[in-house]
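What follows is chain A paired twice: with chain B in the first complex and chain C in the second.
What follows is the complex of A and B.
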């Protein structure tokens, strides 16, 4: 049954909600199964031009319950759903740690070029020289940006890059007579993927304390002593870290870990803050991964497809996954499958090619100056917001008077506002009414918002966000209880998250 | 059910109650309030070895996932299957039906260094 569009009135708190849009106003969109009408079809199959053959009886089963729907109804269904999408293309999305920046459309243009989009992964190397050159150049770009010796493009996501690099570290130590090195150290504000990747590689993870957002080097030394230097495989660190701080003692941490005979792994999640400013190799990293969706503007696609290239020092090159794209002396390109010590393949074929085309396009379009500009604007935008908001939203790590600026993101623990009787959730939900995506919450510290504006937001957008946050603070100071029903303008208000987590309904019946 | 008055309290918000060599461990009311609604609980398997200061499992809420640490070492005797099946028990009765694990310890001495109830409650008022 059709649901008519419902136009919502402006809410009673309609202070500065000047450009609030009723987004996805269709209150209910039936499931595609509910729209199914027996006999409808979205595709016309071409006439059969091969001999008819019946499927064997034992393979037929009872049939499967697929929706039957016409082509236009199918289109309207998904368009209605996409209307309700909250996206980078439509809204400010300051989700800390995730780098929800604009994806320039030139990336899509390049990826759609028939010469790149129509390739088949089983084509012979001689037929895909252009594609191989693009991959080789991407390798070179990332080698130059990281300062490390060799890049592998194969991993399909950042966490997959972590996993691949840890497998390589394990293979390296095994090959060098130190198979017992299976303990990985990570700061207590590490991304959750870090310990997960370690466990997947048969390593145990031990936390290193941080003080005021920075790694506590004394605790790093203590952890090494506690577990025995000869058992440590690596220290995994994100720099700038998840508290939005560039750890300027990173080189000292690298020395400590190298003295223990272990390796420094850099989680490159926050590379957009340091592009062209410093190179991970210069501050002691031995291996790292890139998140192309964060740093090089490839799409954040609902968990995929992604790309998480890794960069390593020379000593790890023999263990990189195969095939590796290489250039011969005559300038021709090929896929090298001949590495005796390779850990093997970590995904099918060569890499996530379509994503890497976008990555190559972005780096080429920016050029070295453009990439430096990315880092400068990412840091400038975050510091601008932090400076504008700090009087109302307390920031434990932001203290510019004492030389403590933030990098590309910052953390606020709004204690004064919370003391008025609102929850952090109330503040976040109210942001939705202003068409702002709520920031990351409760991580890396309790009761915090982690805000990352990214380099692609303009000053008017940043200024509007400041007004939004100050308005919310004003509303809390006037009547904290009035936030309890936020968001008032969203199609879905407060979902029952507890019931959804405890008793998830995962299939349609 | 342990008497909270006789429990020892860890800085990482676990309570422990000892009966001869068996220690019952759970999360404090303060911790549970901070976590909000608990949605999932996963503890180590019975018979596994517990090392002092190490994690014995995880508690997940709509807000976050937290490790549960045991200040004492020993053998994990029993997991509270009821609370694993119905995590809301941890919210409604953290000092009773919401207990998490029982551990047989050979060295209860780390308990001495923990807080008593009064000290804990002054430091972390509910």
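What follows is the complex of A and C.
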């Protein structure tokens, strides 16, 4: 047995594991369907207070086979399942590009206020002035942070924001007599959603090379020439980019793309690194999306819900989806549907309201100095980790001696360790044994870990992570094969993902 | 409060370790010309106490189902859900985890999503379900895209009785693609087999029919889908209400190939329209073409049951432009809510809830139809929502009810409903939460207005 147990948690409880980890170590948690007992119920309803109406036989179904469970056993089941999850609350969770920062609970309290959570989406504007004011203020906050002219709050997620913005770009060009502009350029290290969103808009995507993590501007020019400047709709870029670097030549890239008559779209996934330090409008972005669940602390919730508001320059405002929240001269708020050139609807109703309540609450809590401090501490924490780990975990893009720092996250390609005979997966799974959630893997380049600590982690947490990573390296150097069976200390051993895909079992029968 | 935790001393130590002289140096990659040196023009930071005050005040400025009796529906419904859902979902282990990329660190949410997929498949009578979409309208639009992809055809027949916002979203999703949307007109509030047969041709990729439809009426899914299947590869898409499935024939039993719909009634608060929960289920042959996350059951190296994300080669992070969809996040926390909701109500409870909706809606419909000047707009069978024609313009009726603390319903003639009805139409939804007393009060208001 290796020695990884030696530096087990340095939490306030000393070296013992947390209760959740101990409880989570139960061997198997049966499915709720396996626990079903005929006749059990967790809640009841009041008796029906009106007469029975005629219910024609031919309309009726055969009944749905849902589980039957008493309330206590229901609570136990979902409490046990929760014990089997890593989370930001319980673990260091440096999942690169996902900005797993602390989720303040005031946000949750706010979204659950009955005067907000209960509102029906089709109520008259006059009844919901408080809700509309909150949305209007969120609009203004995001307009200020982006430096752009108008924000649309509708998109349900970042990818949905990309999609919406691309539709707007297409509508703009069609309206301006340039319908042929349907080629989108994106760096070869773009988020996977970028090309996927493009194809949903009927655009084709062409990749622009990156060199040492940065977009190759010569290749950008070549691509424009190759496809014809008059056919380019947009260049989609993430900045700071997916290699964790702020691209100093972003303004130049913007000029190149603007000279071609096309637009610069910013994937705002990495806004956490630049809040209050630079604004997308200042470096040439024409449209962008935010990920509220990354930058503005709305919880990730095992995968969602998020929200992906977009910000645009004035010339795109006529094409925004309807409705748009606006303020009249008398200070009243309403939902505007008078946009003749709107791309239409991209979702039902108005927006991810409950998520945006959390977003408003977070921005209000931080204030302007706080938001800038968020970016500064996010970048400080990432650079600190990179500096502490670089001797053992190679970092292709991190070179502080030459003034090359990372932004809020960094990429390591641990070639020396991999050469010892471990896989990247072995390293990731061993991290689980230390109660650390593995970073993003194999992206944006193969065999890399992308590490994003976020600003809300304390120095002791960062230092413990450094110890964990150095300890794992030590194990690899002593006996690389010892990692092959990791994780040994999780709720399950390694899951057979190949078998899962070969013969998918997606429901319980 | 910005929730950071680095002390000034620690910052000094950390900068030293990095080899940087200052925080500013870390940002040296941002050229001076594009650096933002001012403070953002935002309100000053607020303490939690101030936030509690301000938010309470903003919330207090709203009228809504928390202080009025709500008969509004049209895609969002005021259903009961037990408090235990809020309690469980507040656990940080659910709230603050992300997409379960690492199976060994995420067995809890993975198993819960597997339970969700199973429950949705059972509810809809389909073979497989995904782990959720953004909301109902985009779930339906994605179903249409999937039908176009799998059938290789490009004409989509969409019922005029589908929610107008859903129709609008389908139009948006298809307008840049080589596809054509054809509207199926309604007869007496529903789609007739004859209308459908006239519209069907060999190039029809999909038929989209919602039941209960926008008027609350129960459509002839069985007959329509049978007609659709007489064409080779035409995909039958059922847009469903999950509560109705507990009582009425579900999409699978009526021959649907894809079932898509809004999951909000399953324990998700109305929250002014979002976040909601898109439901998506299909027959087995579509599994590898489905959008969204899929959870599979497998084993770990010691043979124990284990759950993991699966069939990821469909997805954007592997396939890029060739992915089945650009969707990345699902609505994880809301899918968990729905799982807990369906478990808490259980087999009998959900059916009882659906029955109460049905009986109460019919009680109210009968009482209103008996009033002078009022009539049901359509005479077909309905579930928990129905349209009445009023003797006056509906805005007047809605205003009068509001003064009595009642949200009387939705005006289908309104712009937000795409002006689908007449100026005197009122669309009324009744859930198990509405009491006889509230319904009688609404009847009284309508009677007074009608005089």
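Rule of thumb we're sticking to: the second predicted complex is superposed on the first by the 481 of 509 C-alpha atoms of A that agree within 3 Å, B and C clash if a C-alpha of one lies under 4 Å from a C-alpha of the other, contacts with A are read in each partner's own complex, and residues count from 1 in each chain.
We take it that contacts are C-beta pairs under 8 Å (C-beta built on N, C-alpha and C of every residue); 3 or more make two chains touch, one makes a residue touch a chain.
Bear in mind the structure is a predicted one, so any value in this text is a computation, not a measurement.
Undergrad: State whether chain B or chain C is in contact with more residues of chain A in the superposed arrangement.
TA: C
Undergrad: After the superposition on A, what does A:446 contact: first (chain B), second (chain C), both or neither?
TA: After superposition on chain A, A:446 lies in contact with chain B alone.
Undergrad: Check whether A:89 is in contact with chain B, with chain C, with both or with neither, and answer first, second, both or neither.
TA: Touch partner of A:89: chain C, not chain B.
Undergrad: Tell me the contact category for A:255 with respect to chain B and chain C: first, second, both or neither.
TA: Neither: A:255 stays clear of chain B and chain C.
Undergrad: Report for A:198: first if it touches chain B alone, second if chain C alone, otherwise both or neither.
TA: second
Undergrad: According to the stated criteria, A:497 is in contact with first (chain B), second (chain C), both, or neither; which is it?
TA: So A:497 meets both chain B and chain C here.
Undergrad: Using the superposition on chain A described above, determine whether A:438 touches chain B (first), chain C (second), both, or neither.
TA: It touches chain C, and chain B stays clear.
Undergrad: Just checking: does A:367 make contact with chain B only, chain C only, both, or neither of them? Give me first, second, both or neither.
TA: second
Undergrad: Once the structures are superposed on A, label A:301 by its partner contacts, choosing first (chain B), second (chain C), both or neither.
TA: second
Undergrad: Mind sorting out which residues of chain A both chain B and chain C touch, each in its own complex?
TA: Comparing the two interfaces on chain A, one with chain B and one with chain C, the shared residues are 443, 497, 501.
Undergrad: In the complex formed with chain A, which residues of chain B make contact?
TA: Contacts found on chain B: 34, 37, 39-40, 60, 62-64, 87-88.
Undergrad: Tell me, which parts of chain A touch chain B in their complex?
TA: 441-443, 446, 497-498, 501-502
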